[in-house]
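These notes open a run of structures that come right after.
In what comes next, chain A is part of two complexes: it sits with chain B in the first one and with chain C in the second one.
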Partner chain A sequence: MGILRGKLLPPALAILFSALLCGVALVVSGANPAEAFGAMVSQVGEGTTAVDIINSTGTYYIAALAVAIGFQMNLFNIGVEGQYRVAAVVAAVFGGSFALPPGLHALAIILVAALVGALWAAIPAILKVTRGVNEVISTIMMNGLALGLAAYLIREDVFGELRGNNIRTPEIHESGWVPGISFGASGTVFGLVFLAAALGIGYWVMMNRTRFGFELKASGESSTAAAAGGVSAKKMVLIAMLLSGGIAGLVSMPEILGRDHTYNLNFPAGIGFSGIAIALLGRNHPGGIAFGALLWAFLDKSGLALDNVGVPREIVTIMQGAIVLSVVVAYEVVRRFELAAEQRRVGKELGTVAA
Partner chain B sequence: MRRRMRGIAVAAIALTSVLSMAACAKDNGGTGTGSTNNASGGCKLAEKPAAATATSGTTATGEKVDGSALKVGLAYDIGGRGDASFNDSAAAGLDKAKADLGIKEVKELTAAPNEAEDAKQTRLRQLASEGYSPIIGVGFAYAESLKVVAPEFPNVKFAIVDGVVEGAANVTPLVFAEEQGSFLAGVIAAYQSKTCHVGFVGGVKIPLIGKFDAGFEQGAKTAAPDIKIEKKYLTPAGDFTGFQDPTKGQEAAKGQIDAGADVLYHAAGASGKGVFSAAKAANVKAIGVDSDQYNQATVAESKDVIISSMLKRVDVAVYDFVKAVAKNDLATLPKVFDLKVDGVGYATSGGKIDNDLKAVLEGYKAQIIEGKIKVSDKPTS
Partner chain C sequence: MSTSTPAATPAVVLSGITKRFPGVVANSDVHLTVRAGEVHALCGENGAGKSTLMKILYGMQQPDEGTIEVDGKPVRFRSPADAIKAGIGMVHQHFMLADNLTVQENVVLGAESLHGIGGKARKVIQGLAESTGLTVDPGVLVERLGVADRQRVEILKVLYRGAKVIILDEPTAVLVPQEVDELFATLRGMQEQGFTFLFISHKLDEVRAIADSVTVIRRGTTVGTADPKTVSSRQLAEMMVGSELPSPETRESTVTDKVVLLVENLGLVAEEGTRPVLDGIDLVVRSGEVVGIAGVEGNGQTELVETIMGMRKAHHGRVLLGDRDLTKLGTLARREAGIGYVPEDRHRQGLLLTQPLWANRILGYQTRTPVSKGQWLDLPGAKKDTQRIVDEFDVRTPGIDVPAAALSGGNQQKLVVGRELSGDPVLLIASHPTRGVDVGAQALIWDEIKRARARGLAVLLISADLDELIGLSDTIKVMLRGRLVADADPSTVTPEDLGSAMTGAGATSPAVEAVPGAEVEGE
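Let's turn to the complex of A and B:
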């Protein structure tokens, strides 16, 4: 009961509260909240929306895991955004430049993506451990650089090719594609959604069943205490950042290997930032993050129904923001409430407080 | 642990709210190589083109077409109706079709910036499955999604503005010769500049905007070979916020004005509002894009600096397409909406283009239509 109340009540309250808030916003803007929410729910059954939600959950999940690993080490990796973009371009260029046997080709692309993501994250990591540069600042700056680098790499005179008014990297040969599970007209679930799930399991095992996970958490809690226990905080910062960047590099792999087979101008942005919110929502727990990613994907994809019924779609953005804010507040309220209850209980048992 | 999480959470909230701003904090250009103000003389102009002989033939047809049975769906690119630019032009075409052809049912949906590919597909499917046909994707960003969605609805007639979808028979491409219209904008800029120094503000550094850039540069240099041109793109390829950020547009324009430019041409969608307000603040001239921006309500406070607009008649293309569908005669649509079919052109609202300049512009226009001047669609730098 205690665990349930402490862990599940806050997010449930938060979602309820933000739905309420959005309801008010909808009424104020002159729309019918019941109709709007109804449209969002029924959108799930339309076209490929259900499958899109699953695919998008996988993408968000990977991004949030990348952020969560940083959080465990008390690192705030805002650079997931740039890491996955650079990784996507380089991996797409790499994958499009030659063919390997099926399977091997895809594996090579995925490895390159992880490696590039890790390398891109290595720059702020090294700056932090050698010069003490705050990773928040350096990763934000790296995001700007990532956009510029990606734009440069797909220039026609570099690696890009012109398709109508779009530019893209050369298409990856079929041997590099990762097949998905087709549901006919309802769409195709990306095969690499399972990679996301595997990463989640790996993350749980690493954090809870390995010495490295323990050391990571310990140095995140208190680097001095961990140092006294023989754990080098600097080494941990470096490894955590590289891991975080490596996973971030995989964010767009499901889409690129499963559907687009190229990096083009329509490449989605903002997944890294959503990942931060989702990691917060999921409290860095692999299960919690999965739930957060699913919720985010649902809001994103079914939110498209709002425009269709004439309700401003921005309501979804309000809802996402409200959820993150209220989750943080709700956890804090529940924590204080439990702390007070605990103090009362202890006081009562010791007889220092009148019952 | 909990305390730490709280700290991170608070920081996260604070940060996510400023992230967009942080990401925007780039340099604001205007790295001009100094300006040489040749007093009030303006440019040393090249020889004026011969006056145009023939007036370009407009296809003014008075025939009555009944489109009341059509349900027209429009999927806008980011910005949507009200962007004072590209999407608004499409909206104007739709409104005209509604009025002229008696269309009763229309639905308009709008893309979000930086959205995922499947969001575009869903939008098109929503329209198609609700029985809308024709459906027009406004913007080349719909090309990839139309490639997937169009074959799913073989009986629906799709069109795409600014794009071509290979292998889909039911998608009509509506493409423009932006470089030709921009050439004339460049001529206007060269004739109106007092400092012989002009500027181009592009929204996002993508090939499509490069066509505006290339035409403008070629036009300005053709009219005044010594002219100086500032160029600034607001965001690199891949970051489409450059079409939606008037603040950035204003900063870039201000940088160019500070470098000495006194006529600015923008191809930056809704960011153009910022270009106009910078021009107004510095009392220099500006040239609008896509729609006749002098007459647009959204930029009305800066209208007196708008000397002309490069017209990209998305409205004509949308209207012609809907009309062609109503007549079941898609083959008559032009392959490219260029100067010849008045698919691109220039606006004279506001009275800043006098008859002399108009004669010059018509002269260049005739040369382009005849093929004497070939306008490149790729910028030199």
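Let's turn to the complex of A and C:
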């Protein structure tokens, strides 16, 4: 009954359209689009690219889930960026300061990261609930604060230490590491990629099977109907924001516990913002987000190959932007079309074509 | 008051306007003739189709059928810009002004091509300002202006764009009585300069004070046009409300002496100020009793319901259900205590339109069987019970998986009523339970309410449909300016008596008895 048409057609159209758009951009800048796209696809088989894509997908997936929880009730958590950064520093410092039995140590670090992310998100949540401060503004400002706080915490005279020309937190003891799946020369898949998958399943169950998920969706669809149905808007804002922040806190865990074992100056930035785009792309659906994260990771990692064929890799950014934009437009167009079609169908089946 | 020449070409003629939205007909065969230079009032209850009609005239929506003529020439408006070009302007009920810009900037915004944005525009504005009674300098920031002056700026905006026919959407809703008088003086002054006004309102006394003719719209269609000088408020109210029901059937009373809902001295203060919206409300609803609240809309009925439901926080007073004090509880806890709630606007408050019917069954019941088990939803249970409602309440739908938006208004409302009568409520609060639904759904909903009442359900019924109130209620209370001012006996009262009590004209019939201590300020 049109589920395929309604759910899969828009993103497929959008991706095709944005590929076309990028093709045009490539032609205009004097490159051969076929060659560029070919280089990107063949890059997947090179070196560690395939594994890098999987690892990156996991990270993006967690970030996008964090954003999606807020999106479900029209709450814009732009602060995932700051939440995962603060959570990463604090968790790395915490994990590096003592040793616990293996497994327990890693678990403790993960819990601390989630807690710190939630606490960092609690500030804009409380501001919104008590003072009506717009969460977009406050979370953006919290991102700035997070950057400063992280820089302060890894100073040598605070928790950091100097290694070569890099400043980092003390290395986490081996008991806190999470082993990955090694593919030899092709790289190692982070163990916590499975955490991302588990979070996705948990998210689906929450949204579709629990009272909380129902209330979240109801608040997002119609705040007035939710209020009349006994859903407390303030409580929902608070819980959704804390949950979003908690998951955001986990974003950097696969990398820190699986490879770096420390927070250092090379810490990746911008994952929170990519998460927003991916959540949009995936329409807040766990499957859609997984696809979006994979696509994002593919564009990121295989975009490196573009330099080899003389195309600036910034074209990838254009591609990502074009995809998000066309997906949003395509969904809206299809949604309106579907609703009208559904009403006509109901009218026809009842023999009383909706007057 | 200027006398218009009947021979002149009418300023605006709407004929046979029909506008359908999926599932509802918002306007059906509407005819409206506005003579040049008159103040023409358009009256009707909320939801009667006034706004849709005005949106069509202003080019915000296109009619499915019918024609519009302006100054005798047929026109087709594709956007408000077309309407403005034809000399039609609209002053919205909610001001569309940028507070942080000056009066001049607000007026010029979007019409920069007319007279630029500098001195020339300023001169034009000053010239026009006089006729609107606006005395402030065009360079003053709008945030400094009071409500009445802001409204003048809105009028100025449409004048600046060359409007000769001005639509005023409920212009007095935001004004205090003195400001209303000033506005009316301004309108009369402008009328003498040749402007034509379409005045939308449901306040009958104001309509009678300002309008040269009145057209009444009910259930999407025009009922008739009257001369406000000869027609009484009562007659107008009757036209607005209509008498479409069979005369209220006599039946035996099922009222018991078991008090279900007790409201004591309930008071609510408006969010934006200190004006009391509800004042000293005392109300008792007993098991097996239907208590009807009559009143012209906007006199506090919505607030009363939402305060009893816990969606608004009472300023003072208590709400008790049986022996249980609900005053401090939230909406969900009140629902769990046994209140069913049919909200006045099913689209905004009753349904999740894009969600399937079974998900709508869960709304408001997310903590209770059969649709939920603690923190977990019981989807099979919800679907099964939705199917039961669909069968018992004759909800015409191809299935329970279609989104609620796909159903017609009447079927949506049957679903809502069915849901709210599930879970053994002890009290049902029904706000306009049959508004905007077809006759068949209306009869079914009435039957269900009567049946539930016979089982001992207490019902608080709010309706603008006086026949519905008289036909269903065991007791009627009249609400005016946030107070319950009179009691009426439904077995003897007529819609005319109720109508005059609702407008504050005072109790004229022995069937309407003023509540002692509730003074009605005279008009």
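Throughout what follows, the second predicted complex is superposed on the first by the 334 of 355 C-alpha atoms of A that agree within 3 Å, B and C clash if a C-alpha of one lies under 4 Å from a C-alpha of the other, contacts with A are read in each partner's own complex, and residues count from 1 in each chain.
Just so we're on the same page, a residue touches a chain if its C-beta (ideal position, glycine included) is under 8 Å from a C-beta of that chain, and two chains touch if they have at least 3 such contacts.
Because the structure is a prediction, the values reported are computed rather than measured.
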item: First (chain B), second (chain C), both or neither touched by A:342; value: second
item: Touching partner for A:280 - first (chain B), second (chain C), both, neither; value: first
item: Contacts of A:135 with chain B and chain C, given as first, second, both or neither; value: neither
item: Chain B or chain C, by number of chain A residues touched; value: B
item: Chain B versus chain C as contact partner of A:221, first or second or both or neither; value: both
item: Common interface residues of chain A - those touching chain B in one complex and chain C in the other; value: 221
item: Chain B - residues contacting chain A, complex; value: 1-2, 4-6, 8-13, 15-16, 19, 22-23, 26, 107, 109-110, 112-123, 125-126, 129, 140-141, 143-144, 152, 162-164, 205-208, 235-240
item: Residues of chain C touching chain A in the complex; value: 20, 22-25, 309, 311, 330-336, 341, 343, 345, 348-355, 359, 362-364, 366-367, 372, 374-377, 379, 396-398, 402-403, 405-408
item: Chain A residues touching chain B - in the complex, by the definition given at the top; value: 46-49, 52, 55-56, 71, 74, 76, 78, 85, 136, 140, 143-144, 147-148, 150-152, 154-156, 162-167, 185, 220-221, 255, 259-260, 264-270, 273, 276-277, 280, 283-284, 300-301, 304-305, 307-308, 313, 324-325, 328, 331-332, 335
item: Contact set on chain A toward chain C in their complex; value: 209-215, 217-218, 221-222, 224-232, 339-340, 342-343, 345-346, 349-350, 352, 354-355
